[in-house]
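Order as written gives the chain letters A, B, C and D; numbering starts at 1 within each chain.
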Amino acid sequence: MQSKKLKVGIVGGTGYTGVELLRLLSIHPNVTLTAITSRGEAGLPVADMFPSLRGYVDVAFSDPATVDLTACDVVFFATPHGVAMSQTPALLKANVKVIDLAADFRLQDTAVFEKWYKMAHSCADVLKNAVYGIPELNRAHIKNASVIGNPGCYPTTVLLGLAPLLEQGLIDFSVPIIADAKSGVSGAGRKAEVATLFAEASDTMKAYGVAGHRHHPEIHAQITQLASSSGAKIEFIFTPHLVPMIRGMLSTVYVKLSAKASDVDLQALFEKRYENEQFVDVLPAGNLPETRSVRGSNQLRIAIHKQVDSDYLTIVVVQDNLVKGAAGQAVQNMNIMFGLAENTGLVVVPLLP
Amino acid sequence: MQSKKLKVGIVGGTGYTGVELLRLLSIHPNVTLTAITSRGEAGLPVADMFPSLRGYVDVAFSDPATVDLTACDVVFFATPHGVAMSQTPALLKANVKVIDLAADFRLQDTAVFEKWYKMAHSCADVLKNAVYGIPELNRAHIKNASVIGNPGCYPTTVLLGLAPLLEQGLIDFSVPIIADAKSGVSGAGRKAEVATLFAEASDTMKAYGVAGHRHHPEIHAQITQLASSSGAKIEFIFTPHLVPMIRGMLSTVYVKLSAKASDVDLQALFEKRYENEQFVDVLPAGNLPETRSVRGSNQLRIAIHKQVDSDYLTIVVVQDNLVKGAAGQAVQNMNIMFGLAENTGLVVVPLLP
Amino acid sequence: MQSKKLKVGIVGGTGYTGVELLRLLSIHPNVTLTAITSRGEAGLPVADMFPSLRGYVDVAFSDPATVDLTACDVVFFATPHGVAMSQTPALLKANVKVIDLAADFRLQDTAVFEKWYKMAHSCADVLKNAVYGIPELNRAHIKNASVIGNPGCYPTTVLLGLAPLLEQGLIDFSVPIIADAKSGVSGAGRKAEVATLFAEASDTMKAYGVAGHRHHPEIHAQITQLASSSGAKIEFIFTPHLVPMIRGMLSTVYVKLSAKASDVDLQALFEKRYENEQFVDVLPAGNLPETRSVRGSNQLRIAIHKQVDSDYLTIVVVQDNLVKGAAGQAVQNMNIMFGLAENTGLVVVPLLP
Amino acid sequence: MQSKKLKVGIVGGTGYTGVELLRLLSIHPNVTLTAITSRGEAGLPVADMFPSLRGYVDVAFSDPATVDLTACDVVFFATPHGVAMSQTPALLKANVKVIDLAADFRLQDTAVFEKWYKMAHSCADVLKNAVYGIPELNRAHIKNASVIGNPGCYPTTVLLGLAPLLEQGLIDFSVPIIADAKSGVSGAGRKAEVATLFAEASDTMKAYGVAGHRHHPEIHAQITQLASSSGAKIEFIFTPHLVPMIRGMLSTVYVKLSAKASDVDLQALFEKRYENEQFVDVLPAGNLPETRSVRGSNQLRIAIHKQVDSDYLTIVVVQDNLVKGAAGQAVQNMNIMFGLAENTGLVVVPLLP
């Protein structure tokens, strides 16, 4: 039996997280796409910009100045940072829930937000009640949230890879946690820039943001919270890399295990931690994941490997940066917020080859 | 309300058409995967070979020598040429329907088959009743067929691109039809070969099979049949190319229009011909399709362009070679054969980007 | 013993043809790079923009407003259309030779130029004496030229593929010549545009410019000239495609042979025509070229295939669009103009894999 | 004036290091290619297998059983592990120098060799005098060597990235050195294998060999030697990844600095260490290298980044795995062994884009 359909709005539907939301929501059985806004493209049929949606999305982009989003049940913001926080208070007043795929509601410390995003935070009170949207870590809060700060793509991989250890106090923080992360080029968004042209970004790779990436403080804040009982000061080293693939993200995380870990079957710990999570897959011991094994799906896969005769553990995590790393997780959050089965509209087998 | 589930067998599940069938059938609401055979991999869980299927396909490959396929309602052959014809007579006796993704039931002229595939045809009587499986051309016959010869990937693009003209007698056969076709590398299959290694096949392209490709006689036979009323001898030039993309096929077809065509609105003709076909999309005049606009879906898109001051028409057709060009079309055929809605299990939005 | 070095200027050194000129000229034994201009990047060391040139190019970009190019022996224009024609008259007065990699000096018919490039032609008198720079067709004129219109990338492949037939009158012009051409993405230049982003242009392909591409009139004019003795009106159909590779161009050309051709050994004709051309390689009968077989080099390779029992010939031509299709051919022209060995600085083995 | 030419033999010319040696040596001014052997391809003209060499390499593959390599001045082995050690003693007797691109002469500890390569070492005495061929670390020994163990691709990046620190005792070995390394697919060689097919290895990435990669002991042995004065036991964690690019290798190395390092200007240290090395380029502070900035060339580029308020240093190193990581370094070694200018035949500007 199917419940009444949710009226859904998308603000900023022309980027990659926008079109990905449309891909997922256009065949979501409990959703009606009510409005998709774009300042630059108002009036243009959505399927003219994204021919992949021909036959699935029949509406045109709306002008954000004229569309009334308060008629929606939920609004997704797939916009640049700063847009969601300017519109969220009005939506909340109208009882509309908000899921922001940008950074406005990810960092509880507004000083950190302002340092990294170079703008003042305009609604600290809303922020206080916003929930960081990783269901596998915060499901109970998401259920009752009105505002979700959907995580950045990198943080989801690093945090789900570390959570079983952090929750059990199995990391020795005298040594930094190192995350060497690799992303497909779609992570840079659908903006006209020389650096991400095909002829610039294919058949090559590079590290970037070594001097400071916005996901560093986001991950650091969440790690600190997950390890709050330890009271330790945690050093976190983060090196993102750009890799010539459209989608896909792989994070290789290195940690020193605490003495307490020597008695723990870590493989069993990870499997147990995620046994009821259908979107988190712990691979059998000895296996390593490929990013294509999750292409187009909301799946995230984890493998762990203990160095021989060593206290160090290597954790490898893959996801599709646009799905579990962005739009898929946002839909998963929506399902939870509205009491739907968590996988509704997300039963998508990864595309391989 | 859901009908009783079909018991489905797949012979040869380790190639790309095999895994693609599994991707589609594993979430098909009317299908139970009964047996997936592989001589080389018997006993191996399918998801160990294709981790993308973890959580969706729980069975292991079976030994074809020991599995009883006669319990199935339908068996797909995703095997090398020659396997299907050796097993089909026994299956038919057991009232099992057969859909062959190889060439055994594509060519009605066994002499042509034997010339191109270098093997004798072992069941000419079965062949006689086999139906060439392009639903948009042969739907009525497919409905009642017991054996389907699922078309090659190239033929589907060329034939659906030409059909509206051929059916109306709008081509001048005094000049050859030329199909300049381009395929992604998955079309070469999942075989260990130097020529299709990443380091050999990326950042490069080539023509191949200029001296003769097996899809040439298949396309030629179908064109001839579609134009049978004309009685003309038809010359067909076919140049396949290998392009560095995983999936995707684009055929650029050049024809001389007959005098009769000068009074016809060709754009309207194409749109009308396919207006009720949900898997064939005629683009608005002036548009051209990209292969990624159909990635992972059963969609095929067509654009036509008339040369200025000329009798020549250029037709551009794209599809995903593994879906509408292989496994998706096979599932579409199965749906028709068993009276299901034709799009059951095929409501997949293309993956873009 | 080495001759006196040529003083070389490059106007517009920040695009792909610019950096390619720098790659070739920075180790050319007879060249001194005197000035490389860029309006936007004046003052920036060239190697800061193109780290591949670190250790090879030590100069910075100059402001075109302040640099005196009349001290050069030759100036290359790697600029948008229209720049070269505005500066060439002054350079000629100072006895500086000009090689334009844009379109200003390619089309002798200024009306055609103005139609396709949407600008008036400002120096028709200079144009009259400009030479179309394909050495294998125009070597004698290039030797004495002061201004070279370096050909577009597509035209070089099509014209060198057709020349042996056109020169001998072996094509039946009652049927159009069809060139189905495919280009790597670098052909679109180093401009920030959404359509050529990695995430838009990889793992996909498309036809473009079907309604009219600027290289169409250029090729048509040259074909007409090469076939001028025939007096025929020639129809030429041209379909360019964008393929996910950085460099590389492949043109598949279809022609109907004239009756006269039936007595000609075409393979021998092609081999003989190019036997003394070190940059044009006719493959042995039965072979087909890959674009990577010329990657990074000034080589162009041709294969021909006669359809069985037919009057139609298929010609396949590959080149590196940035080398023989642009900067390499420009250097080849420079070598000829200054009496150097034609391959000076161009002895580069293609990069494979 | 040109010196007498070296007679060069290549054993095993059909893999990627083989064709890369041919690319470099075919235009090396002091080299004559005397023999290129291949058991499987004897008699086949080399340029038939690698059309990129048409016009540059005119010889055919020889049968190793019949060719006399003792007439050579130097023989390169581009063969599977084990071949070089079986033939080297005889070559040395004939005064032929040997450069092995496989692992036979890389590891001085034969027990380690036998553990990782699963074969006995047959000429430990030759091994004792073999020199590990990284010129920037071992130039003096290479000059006088008869046998060179040309390093693996990964080790060159890691060792040149660490050398300035190791030589000055600036690493705190209480914490492991971590090398997170990424390689293009050509590193897997030109073998027919499913895992490196285009459709398997493109648009995806993965870690591999986490449980143990053959380059681990090689790097560990060299690090230990470079740090021998410290007497410390060094833990080294190595995670190789496969990335969808043809060529290119990027290693991200993480080290804890010793207390002594706090007074050192590390950027200056690196620049000083390599100021006379034309193939090692230390980027200016704040820059990060792309692999394409060295494509096709023998260049290696290094950038260092000190974590803020931390004792940890990140070192990023790129090279072309087939050039500085294999064939180019081998030629550099040959130049040194025969008293040629070290860059002879290696003045190749990287191919960008």
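Operating definition for what follows: contacts are C-beta pairs under 8 Å (C-beta built on N, C-alpha and C of every residue); 3 or more make two chains touch, one makes a residue touch a chain.
Just so it is clear, the model here is predicted, and its values are computed rather than measured.
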Exercise. What is the chain whose Cα centre is as far as it gets from that of chain A?
Worked result: C
Problem set entry | Interface with more contacting C-beta pairs, comparing A-B to A-C | A-B
For this session: Calculate how many whole Å lie between the centre of chain A and the centre of chain C, each centre taken as the average of the chain's C-alpha atoms.
Result: 46
Exercise. Just how far, in Å, is the C-alpha centre of chain C from the one of chain B?
Worked result: 39
For this session: Please report how many Å separate the Cα centroid of chain A from that of chain B, as a whole number.
Result: 37
For this session: Please set out, as single numbers or ranges, the residues of chain B touching at least two other chains.
Result: 16, 184, 186, 190, 199-200, 202-203, 244, 246-247, 289-290, 292, 295, 353
For this session: Quick one: which bits of chain A touch chain B in the complex? Just the residue numbers, please.
Result: 16, 19, 23, 26-27, 50-56, 186, 190, 202-203, 246-247, 278, 281, 283, 287, 289-290, 292-297, 299, 301, 322, 347, 349-353
Problem set entry | Of chain B, residues touching chain C in the complex | 175-176, 178, 180, 182, 184, 199-200, 202-208, 210-211, 235, 237, 239, 241, 243-248, 250, 252, 254, 256, 286, 288-292, 295, 305, 307, 310, 312, 314, 316, 318, 353
Seminar exercise, completed: Per the touch rule above, chain D residues touching chain B in the complex are 16, 184-186, 188, 190-194, 196-203, 244, 246
